Structures are given as C-alpha cells and as structure tokens.
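You will see chain A twice below: alongside chain B first, and alongside chain C after that.
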Partner chain A sequence: MADKEKTKKFINRLKSRNIVRPMVNKMYAEGVTAANEGRPLAWSMVNWWEGDIVMRAMGVTPVYPENYGTVCASTGMAQKYQAICDAEGFPTHLCGYSRNHIGYAAEMKKLGKIPPDAPLGGMAEPTFMLGSGIACDTRFKWFQALRQYYDVPVWTIDTPSYDHTEDIDSDIHEHNIRHKVKELERFIEFLENLLGKKIDMDLVEDYLENQEKVFQLWWEINELRKAKPCPMHSRDFWTLMVPGYYMTYDKDALNLYHQVYEEVKARTDAGIGAVTPEKYRLMFAELPPWHSLDFFEKLAERGWNFVVESQGYHPPEPMSLKTGDSVLERLTRWTYWVNVGHIRKAKEKNYPLFGPVQYYYNWAREYQVDGFITHSLLSCRTATFWLPHAANILKEELLVPSMNMEGDIVDFTVFDPDLVLKNAEAFEESMDYHRGERKRKGLEW
Partner chain B sequence: MTTASLHGFAKARKIYEDRGLRARELKAEGKKIMGYYCSYPPLELITGMDFVPFRVQGSINEAITKADSSIPTIVCPIIRSSLDMAMKGKYDFMEGFVTAHSCDCQEKFCRIWEHELKLPFHHYIDMPHVVRENSFEQFKEKLIMFQKAMEAYTGRALDRERIQQEIRVHNRQRALVRKLYDLRKENPPLLSGAENLEIMIALMCMPIEEGSIMLEEIIQEALSRGNGPGEKDTRLMLWGSPLTETNLIQMIESLNAHVVMDDICVGTRHYWADVEATSDPMDGIVKRYLSEIKCPRTFRESSSTFEEEMESRFGYLKDFARDWHVDGILLQSVKYCDTHGYEVPALKAYFEKIGLPAMYLEHEYTMAAEAQLKNRVEAFLEIIA
Partner chain C sequence: MKGKYFAGIDIGSTMTKVIIYSEGIRGQVIGPTGPEHRHLANIVMEDALAQARIPFEAVDYVVATGYGRINVPFADKQITEISCHARGVLHFFPNAGTVIDIGGQDAKGIKIANNRVVDFVMNDKCAAGTGRFLEVIAETLGVNIKDMGPLSLKARNKVKISSICTIFAEQEVVSQLSEGIPVEDIIAGLHEAIAGRAFRMASKLKIEGDVVFTGGVAKNTGMVKALESHLGRPVYICREPLITGAMGAALLGKELVEKAMESGKAIKIKERKLTTARVF
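Then we have the complex of A and B:
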C-alpha cells in the first residue's frame, strides 16, 4: 500500500510527450556518430534557432552543452563534473551548466575519449564551438575558456539587447535586424571557410518553413493552456523544450507538436486538467530543478497546477514585425521577436510596460494565475536577477503573491524540498487572501 | 568644508572620502550631474551636453539594506551596493543616469534602477559583445541614439566641433593619468597603489578639466615630496573587477609589496586609450569604447591557435609587467563576477608561460574577509621572494 502511494501520480502527463525521449536520445547519438564518421560537430549554445538552422544547412551536427547540463543533473553525474571544473581553477560561483561541461571536457581531454560513464553516450570532441550573445555573458565566456582544452575555433553570434530599445526609436528594430543579418552572414562566411563548402540557402529556407510551422503550433498549444482547468502542466512544457529548442528544422519535431496539439485540444474541449482538482494556478520562474522534477508531484497533490513557466524558453508570438523578406532576415527576425513580441503585445493591449519582466505581467493576467513561484538559482544570475523585481511588480500591479524556492539547475544539494512544502501551506493562505483582494479591486480573476 | 580651497592630493583624498561632495557643490551652482556606470558610456558625449559626469559606485562600508528587495543576493555585490546607495538617496544630486551593456548584470540592473529611482533622464546604451566591422556600425547607431536622447532632453544639439573639442579635453586627462602612472615605474615608486586608486576614484567624481588640474598638481607634489611609499621587495600588478575602496590595496601595501600597476576599470582600463582623431568624431569614439577598453566582457575573434589568442587577449599585460618591472600578478575578483571568473585559469596559464607568478583572490565585497586574504597575499609574497 505504502509503495502504491509512493508511486501515485498527481500530474496527468501528456501521452504524446513519450515521443520526446527517443528524439533526445537520437540527438545525442547523432553527435557521436557524426564525430566518428568525420563529419563536423559543433558544441553550441542555445542560440534561439538562428545558428542551428544555418549549421544544419551546412551539414554540421550541433550538440548543446547547456542541455547536457540538464541531462547530467538528472542522472546525478553533474556533481562529479562540477568538482573537476572546480579543481581546474574555475570559480565555484559560475554557471552550473558551464561547470558541468568544463568538468566533462577536462575529463574527456584527460582520458582521450568520451568518458565511459557519460550520460546518453556523451558529447564527442567538437570541430568548432558556437557561442551566443543572447541572455548572458557566460554563453560566450564559457566556450572561450574551453579553448584551453579543445583548441578549435570559437565563434560568437552577437545580438542586441532588444527589450531596452522598444520605446526609444521606432527605427530601432530595423537597425537591430540589419545587424543580426550581418552577424549571420559573417557566421556563414566563417563556416564556409572552415568547412570548405558553400551554404545551400534553399535548404535554410526549407528548415525555416518547418520551424515557422513548429512555432505556430507550439504557440497555439500554450494558448490552449489558458483554459480552466489548464490541460498541460509545466512538466510537459519542460519535456517539450528539447525538440522546440534544438530540432525545429526537423519534420519529426513538427509531427510531435501536431500530436501534442491534438491531445491538449482534446483535453481542453473535454475540460480535463493536468491536475485535478485545480485549486491553484501557478506561474513558474525560471528554469526548474532538473534533478528533482518529481517534486512537482507533491505540489500537484495539493492542487497546484503549473500553467505557464520559463519565459526565456517559450516560442515567439505570431510575427507582426515587418522588415525585409530575405531568408536570413526571416530567420533572424524570429530570434529577435521572441524577446520583443511580448512588449508589442502589451502595447496593443494597453498594458503598462515593465521592460524585461513584461512576459510575467502579460502571463499573470492572461493565464489568470493565483501565485508566482520563483526558483532562485544559486549558479544562474541571469535567470535569477529579475525574480524579486518581477515578484514586486506582480504583487503591486496585479495582487499576485509570490513564493521563492532556493535551488539550482544542476546542484541538487542546495534544494530543500521539505522546506518548500512547509512554505507551501502558508503560501496557499496568501493566494486565497489575494484572490479575494483581486476580486475586491475589480481585477478579472 | 568645500573643495574650493583644496588642491592636489588633499583634494583627491577629500573627494575620495565623500564622493558626492563636489557634485553637490556643483549642483548648488546650477550645474547638471549625469551619473554613469562602468567605463563604457562615452564621457565625451556627456560633457559635450554640458553635464558633469559622475561615476556611480558601491561602497564596501555601507551595509546593503534596501536593494535586496529588488536584486537577489547572488549577483554582483558592487551592483547591489550601488543600487542600495541610490535608493537611500546618496546620489540624489543626479539629474540622469546612463549605463551600457558592459555585462549581463549591468544590463538588468539599469532597468531596476530606472524603475526604482525614476530620474528625469535615463538611458541604456546597448553595445555589441564582439568586435567586427558590423559591430562598429551597430554601436555607432546606438551612440547616435544616445546623443539624440540627450538632445531631446536638453533641447539643444551637439555638433561635431563640440565633440571634437571634448575629445581633446578627455584625451588630455588620459595623457595626464598615464603620466601619473609613470611615477610608479620608479623604484621605489613615487606614489603608492592606494594613493593612485584614491586619485582615480576622485577623478571620476568631478568635472574633467578640474580633474586634469588636480592631476597636474598631484604629479608636481609627488615629484617634489620626500615621503613617498618607500622601499619594498616586491612589485605587484593588480588585475580584475572594479575596486570601490582602497582597503585591498592598502592591505597588500601594508606587507612588503607595492602595487605599481593595475588592469581594472577604475584604473588603466578607464583611462589608457585615447580617442583617435577621425573625420567623423563619432567613429573615433566608437572604436575607443568598443575595442580599446580591455575588459573581459568583450569577445575578441578567436585566432588560429589558442596560444595566439592568449597573446592577442592578454599581451598588453605582458607589456605592463615589463614596463612597470612587475614581480607578480594578483588576479582579484569580487564574487559573482562571471566575465572575470571565466578568465582566471587561462590568464594564470598565460602568466605562468611568460614566467610571472600569479595568484587569484576572490572576495565578497566586505571587510570581514580581509584577514584571510592577507594570509594568502603573505604566502604569495613568500613564494615570489
């Protein structure tokens, strides 16, 4: 009986999510196979799609050390790799993903081969590394630092920091897109020189068309989650991040999102929620504790349904930005739009503007959330920086309370699930109180 | 007491001890003070609009009591402290505030500053992280936007001739700072590292031309005084994140060592490079601020081999070490500074390769850890000896 209770699940997970695991396995296996067959392999930062499509069209197989951080965290290998990184002299406060990967790379260098115990078959030695100027400094400093182990070229695709400029100059988007197109042109030149071949722009366009269909479906799935009860839990969103972030060029990803859409739509039409009963609708910021995802079952048991999450990893809003129509402009415009679209949307809806925390404000209203859970990450300043500010805005503007849980994306030792559960009870009282306050002040929910 | 009767070292000390003193005097005289953060907002454009630039900094001596409600404790403590001081009214003389995308934390901090402080003028300068031809074009667009924003705010235009004039004024100050640094090439140096940092910080809290006069006075005083820092066995260079107080250098110099050179942004990074004369003066400004400031926040194209890349990234430090007769390097960084943190192993390896001992010190932006740091520096000095 006790065992049965232990395994009882309170989150009604999507069946279609089961398609994802073989896709992830395929992604890692492809990387090792490419290296074994002498084909170019890139270690790549998440680049919000623009670099991925270019690399794929050049016959490069990218693998993603940030994602590998989540894999190593969930399999318990991250502690070992982080310890190696520390021993190599890197400060311990650096990004957990990077410490994991630097440790992995140092270990692989020492062994002269992929470590035999590396999860999912590991990542082979790269032909080059692709950094990104999006989101944080770590995402180009990390690869620059790795060059002392693997002396391969490092390229960084730079990007403007979009959300600060929206109000300043109406022409700014055009300047920024023009700059981003040039960044892609330089990257293509770099690849052509490195690999001794020309890019096939028709293939870029084919991949882009597939990606645009994935974005549309993925966005529509998330729109369906505004339903009460919410038909899809954040856990399924996080599972779907991998194909949505790394495989948008792939027909298999499009097929997956079709199936997910159908399942979520059917649930919405039938009024089926991901958590029953849905007592509280929660928004989660930012990246989850990958090592302890089952913890969300305990919150689901209390009726907590996580209806929206992880602002940095959602698909872009449908495009309403007009610049040029070249393939590279179309491609990079999506990468740009993912950080600008929500501000444009807020303007259209006459919401007040809150810069980089606009996502949370928009979502709190649109998903009608009762509470905001902030996951402050010991080793990720970027994901953590905004959290108190966002929590203040939501409380002041929308009477949505927040609760913080301390933890990390990689290091499980700093996460205390018992403490979170203890705090959860008091937080429910706060959510109940603020529900009444919102009603009293005439807010929509 | 006003600063009017003070000169040279005494003036620098007074302003160092009360950073806002001169700014408040100037405000009372009707001048407009523009706060800025880090070394990247182009000061030529700020002074060209008749603002007095004032560098916002944190303070190791002030407990953070307000900013933690807006910024988490795991981010750069200098940034947290800066916001905290602003929220407590320590920078209430500022009419505006300008930041640039020098690092990730700063990009985010400026938005929170804008929300919390609501100054009449606020501007964020987006700047590329890489240095390519198109990066210069992009940065120029962003600086023109900055110029337009100030013009719209003040209602007056900044013309090309005025920018050229400002470039000359700032370059003159940079030349004087280099002359000041030359005083520490001597053995024993004519200036201590702590004195030098006091002067640098004071310079950033006063009008440029007034600062240049103060520098000339200080150089004359240092050349003529008989009580310089005296003989010590070891000459060190300090690299790393910003220092807002002299305590770390004072601790080092309380031992048998001089800090004779630095690579920090309240030192050489801020002042070393001139703006080149270009037909469009904005081009010279763009080049200087994007590519000539040697902060690890900038990604420079990777050369064909890692060895070559290290030389192109760190070679200037070898020149500093040679010209200032440096015996060892102290790499220091405040905790939670990612851009400096990633640099440490490669930099240590570089110094090892060129035969210079180096040690990394990470600190918490508090006086509390000083005894522990002192033990480590003592051990390092013994190794060098």
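Then we have the complex of A and C:
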C-alpha cells in the first residue's frame, strides 16, 4: 500500500529478484527516450507476446499501461490518477488499471508533458496504441476511450474465444491458429504503413527463439516450486513475471531466468523454503493486491507460504511445435497455447473442464496446497467470475478449503487487510480440518 | 476440571459479553462496548466475577474473542470469534451444522462438521445487513428497536426495500412513511432485506445440518421469521443469542488447559491484573 510503514520481513526473498527492478526502470526509461528521439512508442496491452515481438522487430518501443497500473498502485500514485479519472466522468466500477491510466493520460494532456511526479519517469505520448482481444473487452475499449486525449491510431489484435472444450477435439484449433496468423499479418501491414518500413522476419525469429528459451526456463523454475518446503514465494513470482511478460525478446531476460533457476534449484536441493516453518501451502487466485503486497509478510509470519498463483501470469507449458510452421505460426501458437494448453491437460487427466479452474485444480494436486485464497476484484469481471466455482470444485473434490478476500488490483481503499488477518486463524482451523479429511480419504497430501 | 474457572470475553462492535464457566455458567454479563472497549472490558468482567462470586485471581484461564479481542489486557489468549462462536453454538446445539450470526456491525456464516469449523464467510464492510442497519431505521421510524420484531409480525403488505445502502435505505423509508405506508409493513420489508442478505451470504457455504441463528439480531422475532422463510427450515436460537462467542471462548480456554494437563506441559498464563487500559 502507499503506506510506507516498515513491515517486518518473514519471506525469504530470492536475491536474483533484485535484477528485475533495474530492468523495469530501463523499460520505462527507454519509452521516454524513444519518444524524445522521435522513435515510435506504443502504449500496449499485455498481448501474450505475439504483438510485442512484432513491435520490437519494427523498432517500436512498447510500454504497458496495465503494468504501469501496478507501478502506480505500489507507489501510492494510483489514488491520484483514479481521482482524476473519476473527475473526468468515468464510472468507478471500470477496470482499476484503466482508471489509473485514463487519469494519468488526462493529467498528461492537461499539463502538456509527462507529469513530473509520475512513477518511473512516466509514459510519454504514444505513436499508436495496441489493444488485445484476449481476456476482456476492456482491453480494447479503454484505448478507444483514450483517443479523446490522444488521437493516435488504435489497433487491436483479435483472438478467438479460447476456453472451449471443443477446441482440442476438432480442427477448430488449427482454424484459430490460421485466424491469429492473419491477425498478425494485418498488424504487420498496419505497422509497415504507419512507420514506412518493412519488417525484418529474421529478427522476429531471433526474438522468438529467445522467447522460447525464456518460457522453458521460467516454466522449469515454477516446477521447482513443487518442492516441500517451497523455495520461492508468490511475491517473488509477481516480481519475476515482469520480464517473462514484457521482455521475452531480450537476452537480459534470459540471463535473469538462468540466475533465478540456479538460485531456486540450490534452495530446493538444500531444502530451504521461502517461509520457515512452512506450516501451510497456499495457492492464490488471481490478480494480487498490488498496493498491499507487504501484507503477505504478515501471513508469512503465520507460516503461510504461497507456492503457486495467478494462472494468467504463468508461462505456457512446453509444447511440441509443428515442423514446417512459419515464424508467425510458431509465434501465435505460443500465445494460443498459453490459453488452451491447460484444457488439453485437463482433458487428458479427466479434470473438471471450466476455464481457469482447470489450472487451479491441477496445481492444487501438483503443489499439494492446503488452502486456496481467492481475491475477488471489484473492478475485474474476468478475474473474478470463475472464483466461486474454483473454490467449490477444490473443496468438494480435493478437500482444499478456500478463503475469499475482497479488494482491487489498484484501489487500496476497498481492501481490508485487517479483516483477512482477523480471519486467518479461523481459516487455519479449516485447513487443519481438511488436511485430516484428505488423509482420511486417501488423497496424496 | 472440578473447581476450575474459565472466563470468555467477547468484545463485539456494540456489546461486550462475559461468561464465567465452571461445570456450567457461573456468571454471564452483557454490557455495551462503548467507544473505548479497553476501558469497559474490565468493568463487564468485574460484574461477571461478582455474579460467580469469585475474585479475578480465581480464574484459571481467560480467552478473549470478538472484534476487540486484541485489546483485552487481562486475557491469556485471543481466539478468533469464528472459532469461538462455533464452539459456543455446539455447546448449546450439538447437531448444529450452520451458524448465521448477525451482530451490531457484521454478519457471518460458519459451517461446522465433526465439531470443527470447516468454512466461514463474513461481511463486515457494509452496515446494511447488520444490527446497525435496524438501529438506524428504528430511530428514523421512532420505534424502540425491541418492538420491531413484534410489530413486523402484524404486517399485511410488506414493502420492498430496494436500496442496498443504509443511508439510502433510510431515505427510502422516510419516503415510504410520507406516502402513508404502515410502519409494520416497512419494518417487515427491512427484515426481509436483511434476511435475504444473510441467506445469500450463508448459502455460499452450502447450508447443512441444524441452522443456529446467533447475535443480537436473533432476538428479533420478525427477523427470525424472515430468515426461516428464506431458508425453508426452522432456525435454532439460544435463550441468550448474544453469548455464544463468550461461551465458546470460555470452553476453548478450558479445553486448552485440559489438553496441556493431559500432555504434562505447562500452559502459558499471563501475569494479569484486572485493570483498565486506555488508548485515548
């Protein structure tokens, strides 16, 4: 939260995470420099890599307003930008990230320059905006709304609806890949017209190769977290996800994950946990309270180790690529795979098939969790709709209890950490009870 | 545990409850929490000790629970009100499976199985759906809160309260009064609104077993009727529905001492004095 009161530390954070902050600083600084030097700058939604690599290969520097929402939330600036957004007449139930960004953009427009107090140097005026059809409609509607402040081109990369079971049983999968490749071709055409230059597909391929190595390592790191005690807490995951989300093209990201892997592996081999003693292993869904991450220290004090989290932030599982695929096919397969790979896995294991629930069902077993913490968000339908179903399935089928905390990703005024802490003790009683029940019913943990 | 005394103190947002237990209830006092609960906790405790006719030093173990539990300077241990309510309810109703507690400023649902808390759900963010909501509206209507239950049972055509905010509901009630709607119909509508909220909250737990209704609002007969209507089954109510948390606290304290004695380990007991602690 904005409150900078020192919290006693109980999470044994990874040393290698310290590499991330300079990388994030650099990402934002490069955006401002690009704009100052007249090079193209994009405000981009998270697009699960497909757009990023294309933009980078075209010499575009993207910055990410959703990520900037987390930065503003953690530095306490989000309240100011949200208040500006409210005063502009936007309703308060809109996405917290969008309210932050609209407020920021309105302020920048009013001042005629980047607000001097903007965290990490701010985001300069974009050349264009890139929306994404993945996850929710807000992620292109919000940029359309922003044109009232910055009338620059808005492009949206469309995606087919991907949570359909049918996808894995028929040729819909390949049809969707073709559709997505077409979308990327159209996006490249848009960029070539806008920037007056041709794309270098060899560069796209180089970036993609780097990305595939990043995915593999990042995935292996998370696999190591199945160890008991878990060597890496969700707090480190949420820090370390940034390069894996926004910088997969970059050799520095690959180097980072090499170092993280070595550190996590060393901890695993030595039996070192992120929380000692690890009394309870927790799983977190979905988006964290970026304004109050120190709050997890208080839960760690109770022996709560968060061992897996936020399915939407995880890298895709390894997959076999088709030989003969074009670079764009390969690129879009990864983006598509991160959204549908879990459906295939769930189907193979006969798990309940319902959206993101499959991830958590799978993880609850693989990471052997004692409890499931759901974070229902006032301003995000996408990350909230399925939480009750996930909680019910986990409790009924795996005897893993859940506790819900209400809040928001950006707006700390709707989050009550004291209430969660107050209820933690009772939840431990519930976790103890279900631990006994799992044993009694012959579950593995 | 013959001859041993256990105290449970439940500091709620509006009322403080104390139970002195020794092979049955020896003292039971309910008093207002007031704005400074640290100041009043010892007074309520003193009253309960007087009822039990024992000095404070004779109490073997003190457990504090409720919203103000952290601020009880003379407690040996703090235990969450969810655990204490569950334990207290089981003492009175051994077949209880679900507890719906509506207090002054929060509402909670607790699911119990095999004598343990299995799940719970809570609302303490919004006054609507709590006892405070009824207090505000009683004041607006000029009705004694104790009369709300019996009055609502005379309703012929209960109104629909559409506002989900206490302040707006108050305005809605004023508007209904000015339209000449009978007070009993308005009160019945309010009970319906609160019961509906409590039912939706508790339903998240998948209601099973006997349902026990606790907290100050359980004293309201109109609320009981409205809740039963939503549940489609009767609810069980203690003779004094406010004391289940304190009762559970006393019993959990007793069980902790018993467990320690069985294992031969000494239980940690504070050097405690029944004194006032103040924050203001």
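Operating definition for what follows: the second predicted complex is superposed on the first by the 420 of 445 C-alpha atoms of A that agree within 3 Å, B and C clash if a C-alpha of one lies under 4 Å from a C-alpha of the other, contacts with A are read in each partner's own complex, and residues count from 1 in each chain.
In this text, contacts are C-beta pairs under 8 Å (C-beta built on N, C-alpha and C of every residue); 3 or more make two chains touch, one makes a residue touch a chain.
Values in this document were obtained by computation on a predicted structure and should not be read as measured data.
Asker: When the two structures are overlaid on chain A, which partner does A:F140 contact: first (chain B), second (chain C), both, or neither?
Answerer: first
Asker: Just checking: does A:G89 make contact with chain B only, chain C only, both, or neither of them? Give me first, second, both or neither.
Answerer: first
Asker: Does chain A have more residues touched by chain B or by chain C?
Answerer: B
Asker: A:Q311 contacts which: chain B (first), chain C (second), both, neither?
Answerer: Neither: A:Q311 stays clear of chain B and chain C.
Asker: So, does A:P388 touch the first partner chain B, the second partner chain C, both, or neither?
Answerer: After superposition on chain A, A:P388 lies in contact with both partners, chain B and chain C.
Asker: Report for A:D416: first if it touches chain B alone, second if chain C alone, otherwise both or neither.
Answerer: So A:D416 only meets chain C here.
Asker: Please indicate which partner A:P401 is in contact with in the superposed arrangement: first for chain B, second for chain C, both, or neither.
Answerer: second
Asker: So in the superposed three-chain picture, is A:A426 touching just chain B, just chain C, both, or none of them (first/second/both/neither)?
Answerer: second
Asker: Looking at A:H179 after the superposition, I want to know if it touches chain B, chain C, both of them or none. Which is it: first, second, both, neither?
Answerer: In the superposed model, A:H179 contacts chain B only, not chain C.
Asker: Taking the superposition on A as described, I'd like to know which of chain B and chain C A:V154 touches: first, second, both or neither.
Answerer: first
Asker: Taking the two structures together, which residues of chain A meet both chain B and chain C?
Answerer: Comparing the two interfaces on chain A, one with chain B and one with chain C, the shared residues are 388.
Asker: Using the touch definition from the top, list the residues of chain B that touch chain A in their complex.
Answerer: 68-72, 74-76, 101, 103-105, 107-108, 110-112, 114-115, 124, 126, 128-130, 132, 134-135, 137-138, 141, 145, 148-149, 296-297, 299, 302, 305-306, 309, 333, 335-336, 338-339, 341-346, 348-349, 360, 362
Asker: For chain A, which residues count as touching chain C in their complex?
Answerer: So the residues of chain A touching chain C come out as 388, 395, 401, 404, 406, 416, 419, 422-423, 425-427, 429-430, 432-434.
Asker: In the complex of these two chains, what residues of chain C are touching chain A?
Answerer: 79-80, 82-83, 113-114, 116-122, 124-125, 204
Asker: Provide the residue numbers of chain A that touch chain B in the complex, in ascending order.
Answerer: For this pair, the touching residues of chain A are 88-91, 93-95, 98, 131, 133, 135-138, 140-142, 144-145, 147-148, 151, 153-156, 158, 160-161, 164-165, 168-169, 172, 175, 179, 182-183, 186, 354-356, 376-378, 381-382, 384-389, 392.
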